[in-house]
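Given below, in the form of structure tokens, are the structures.
In what comes next, chain A is part of two complexes: it sits with chain B in the first one and with chain C in the second one.
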Partner chain A sequence: MGRFAEVFLGILTAVGGFVEIGELTFTLTAGSTFGYGLLWTTVLGTVGIILYCEMAGRIAAVKHRPVFSLIRERTGLTAAFVTLIASTVVNVLTCAAEVGGVALVWQLLSGWPYRLLVIGGFLFFVLVIWWMKFEWIERVFGLGGLLMLVYVVTALYDGPTWSDIASGLVPRQPENASPHQLAVYWYYAVAIMSSIMLPYETYFYASGAIEDHWKPGDIGLNRVIVMVGFSLGAVLSVALVSLGAEFFQPRHVEPQLPGTAALSAAIAFGSVGLYAALLGMFFAFAGAAIETALSSAYNIAQFLGWPWGKYRRPREAGRFTLTWFVVFLVCAAIILTGVDPVRIVEYSIVFSVIVLPFTYLPVLVVAADRRIMGAHANGIAMNVLGWAFLVVITVAALAAIPLFLLTHGGQG
Partner chain B sequence: MRKSLDLGREVLDHEIVDVDGVSCGMVDDLEFEDAPGGAPTVANLIVGPIAWSARTPALAAWLVRRVVRTPVVRVPWSAVAHVGETIQLRVTAQSLGLGKADRRVERWLSRIPGA
Partner chain C sequence: MAERWTPRQALHQAIGVLIVAALIAVAIAYIKAQPQGRGSLKAEVSALRSQAAEGAVVLERGDKLDRRFLRAHLGQLAHNVTRTRKRIADLHLEPAVQGSQRNALDLASRVESSIGGVVDDHARATLRRSKSELERLEQDLER
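== the complex of A and B ==
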């Protein structure tokens, strides 16, 4: 494949894989609650995911070392073990939410019973990972996820108030708000950043670079994909905040369910809009489900030194294969209990942000180390940005649980 | 091999790869032996969850021991070919008794089409 095609495909995949059920829920609800007041968090979160995926991808290309192997080496064994358990819990919770989201979307498309569709989803995911090559999984779900761009078209079609968008890009607390409303505002600020930077994205991105056999010559490709791909993905997040602010807020609708989200496209573009939104959400949620399940298996295998990877045949990485299968089994079981996927999303997003500093610190330390990375180590600007961002995310991690408890999970 | 090696940073908690390029565990602990009239030398790399769990706080160690029963495997230092980002062995994992669990799972998975 030509170089240009590879870059183009990489970018499209990054855009299509940017949004999952947690981000959809939180950006829409934030928009419908605070208008454009939280728009800046989407930009901040996107800067963070670009910085850290670039570093993790660069380490993978130069040294072929995945993230969890760095965590174990650099944070000390005990901290690494705790991070492994915490990240596995949030990966599984996120995966369960996505599996539930896929079943909800299928239910809207088919009208079949929800629980039957959850079991169908479980079989679908297991068969897809078992049979499909890694690059085709990336392409099919990444490109299918581009249908989510219907939300961008819908937001533009409604004619957004550009001056409000511009002012939303500047962090500013709402005026005349009660202490409780302020707490809710900051809860959503932390949640949106967390949903954009979910830890599995970094694990999956770096492990995926190793699956795709990246070499030091690919660090340019890596840089373009994260910068252009994730920035375009952020346009989708901005569009979702905009739809929340301009479509759902005036109608007093809380757009938490995927079906409600699809309404905006349906009202603008009729059944074409509705199908594009539903199929886009299917590909986006399904892609995230596969990525979170594989990430759980990547992390455990990398911590324990098992052979791992989709580029190996399933039997050649036996314990890795068994792990992602068990993850889907657990996720399907969680959803079959009837718990609301949107509730699971809230927990997974809040706990994800706590895992982030432990994930990012070793990535930053290794990417900055000249003895390991040689000429490909971070420059000064990257180090300054990296450390500044680590401070931001650590503050967010410390605030996450108090804000969650204080606001009862963002209840206005 | 190089003149000096930081065992804590460059060996401990690094991945072990056998002569065929197959990952076969991490350096979970190190075993030293007394050299006559000199400083102790590394005798074995120890591989297995029981080994690394002993380096974690008591609660974590207890939890791991409840789940894992497999004994640790000792890899003699003489089997190490190269210390880089990973620890490369000059022999196969199988000859040292590493990766047994994977081979067990492999036999089981082989019966499924597409494996």
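== the complex of A and C ==
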């Protein structure tokens, strides 16, 4: 059971990465706007995140080195500092959006005032991270996030058009589209891939592997975990695209709220569907909030060489503990200003594309280095795929901001 | 940790980051102050059309939805419509599209009051009509 339960690290990382509030609305809106036309980006992003998380997990198991320590060593202090600032901004923005998302879901469940629930959310997260052991955070939020499978069931119940799904797996621009519509299409392609390969997933996964004290003998388990966790995330993403195409597109709705996403399950399965969807979103958003807050603290502590880790007592890793606490405090303060959580995360997803090459290049270089990894270094196929993805990520990073400005954040 | 900064180098890095952040803030403020085209208005009209369409779906299915969820979700949706209306009002548009901006503001107010008010046939009809008018406005702005 002990080793089997490790799979929840992969599930938590994937659910917190694939179906956090930004990805949820992005994917549904992409389906509502382009039908299944962007499905290939989900597959591409999933293969990419499986590749890089497997490498990061393997490095953590063999060398016990987290990602940010590699970034600092391989890219030099200045580039690592810039990456640290950019990734911390992205993490804090994403975490703020998730805190807001949790408050929105709680409001749908309770009807209580939103701002009061934001404060409640802040206290909830601080207590959870303070009191719960890392493996229990993985298990509770990973297992709870599985309630999101209600969207897979709803998509199947609505009857997806399988031939359209198959054709959506092949990259193809929409026919007879204006240059502006093409820009929107490519904006969503970049944003979906970025939201699947969000850098905090890799930071969290590798640091989590060290928290769980992985050894070289866990490399096989690492492979199973990334395959199971991220494939599950991909299935959820495909289901969301399908719901966007089959449920929301005919109704001319581009979902921007968690409650809108829950409508599809509520209409199909009544109260059971509604509550499964709302609870699933709560666990997924809360998992993402914990992932991003801990990632910020991991990155800063690893960059500055502080003792870090949930496995240490708070007083043994005082600055690490203070960092995640401050991150939650800042996030709650941002959300209390009344800013729209979904809009924040859309910005953070686009800007995170820029961090991707800086995050993944050092991982690839170290995982490929036989002097460091010995017999556990990448094989030829892994290196070829890794470099191919790095090229794709770099092109996406260069295109992200121009596309964002050109399309008014994908709004047309 | 092979490489370390002296306090002086760290200060230079911090100043560099602050300068870049300030430049980004100035660039954003400059872009926001420029007159915006029909694309900016169309983006907000599309958001409003989606909100009106969703409001119509929710009100039509209202009797089959959990009452607490219905009230809370309509409240959140109405809040989003208010945000969109404020963004439309804040757009600094070129004169050629200011008529469309007024039209969009009028429709936003109607959508807002229908979603935020009493759930009845009048609200449902208003939302359906507003959605159709917003679709037409979207098409006009596309040209």
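Here, the second predicted complex is superposed on the first by the 394 of 412 C-alpha atoms of A that agree within 3 Å, B and C clash if a C-alpha of one lies under 4 Å from a C-alpha of the other, contacts with A are read in each partner's own complex, and residues count from 1 in each chain.
Here is the rule we go by: a contact is a pair of C-beta atoms (placed from the backbone, for glycine too) under 8 Å apart; a residue touches a chain by one contact, two chains touch by 3 or more.
Being a predicted model, the structure only gives us computed values, none of them experimental.
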Original post:
Overlaying the two complexes on chain A, which is it for chain B and chain C: clash or fit?
Top reply: clash
Subject >> Touched partner set for A:His180, first chain B, second chain C, both or neither >> reply: second
**OP:** Report the partner of chain A that touches more of its residues: chain B or chain C.
**Re:** C
Original post:
Thinking of the overlay built on chain A, is A:Leu329 touched by chain B (first), by chain C (second), by both, or by neither?
Top reply: neither
**OP:** Would you sort A:His64 into first (chain B), second (chain C), both or neither based on which partner it touches?
**Re:** first
Original post:
Is A:Thr78 touching the first partner chain B, the second partner chain C, both, or neither of them?
Top reply: both
**OP:** Would you sort A:Ile267 into first (chain B), second (chain C), both or neither based on which partner it touches?
**Re:** second
**OP:** Examine A:Gln107 and indicate which partner it touches, taking first as chain B and second as chain C; both and neither are also allowed.
**Re:** second
Original post:
Of the partners chain B and chain C, which touch A:Arg319 in the superposed model: first, second, both, neither?
Top reply: first
Original post:
Between chain B (first) and chain C (second), which, if any, makes contact with A:Trp306: first, second, both or neither?
Top reply: first
Subject >> Which superposed partner A:Gly259 touches (first chain B, second chain C, both, neither) >> reply: second
**OP:** Between 3-11, 21-29, 75-83 or 93-101, work out which stretch of chain C sticks into chain B after superposition.
**Re:** 3-11
**OP:** Across the two complexes, find the residues of chain A that touch chain B and also touch chain C.
**Re:** 72-73, 77-78, 81-82, 305
Original post:
What residues on chain A touch chain B, complex-wise?
Top reply: 63-65, 69, 72-73, 77-78, 80-82, 130-131, 301, 303-308, 313-319, 321-322, 372
Subject >> Residues of chain C defined as touching chain A within the complex >> reply: 1-5, 13, 17, 39-40, 42-44, 46-47, 49-51, 53-54, 57-58, 61, 64-66, 68-69, 71-73, 75-77, 80, 83, 131, 135, 138
Original post:
Residues of chain A touching chain C in their complex?
Top reply: 72-73, 76-78, 81-82, 85, 104, 107-111, 180, 251-257, 259-260, 262-263, 266-267, 270-271, 274, 278, 305, 340, 408-409, 411-412
Subject >> Residue numbers on chain B that touch chain A, as the complex places them >> reply: 9, 13-16, 22-26, 47, 49, 52, 55-57, 60, 85, 99, 101-106, 108-110, 112, 114-115
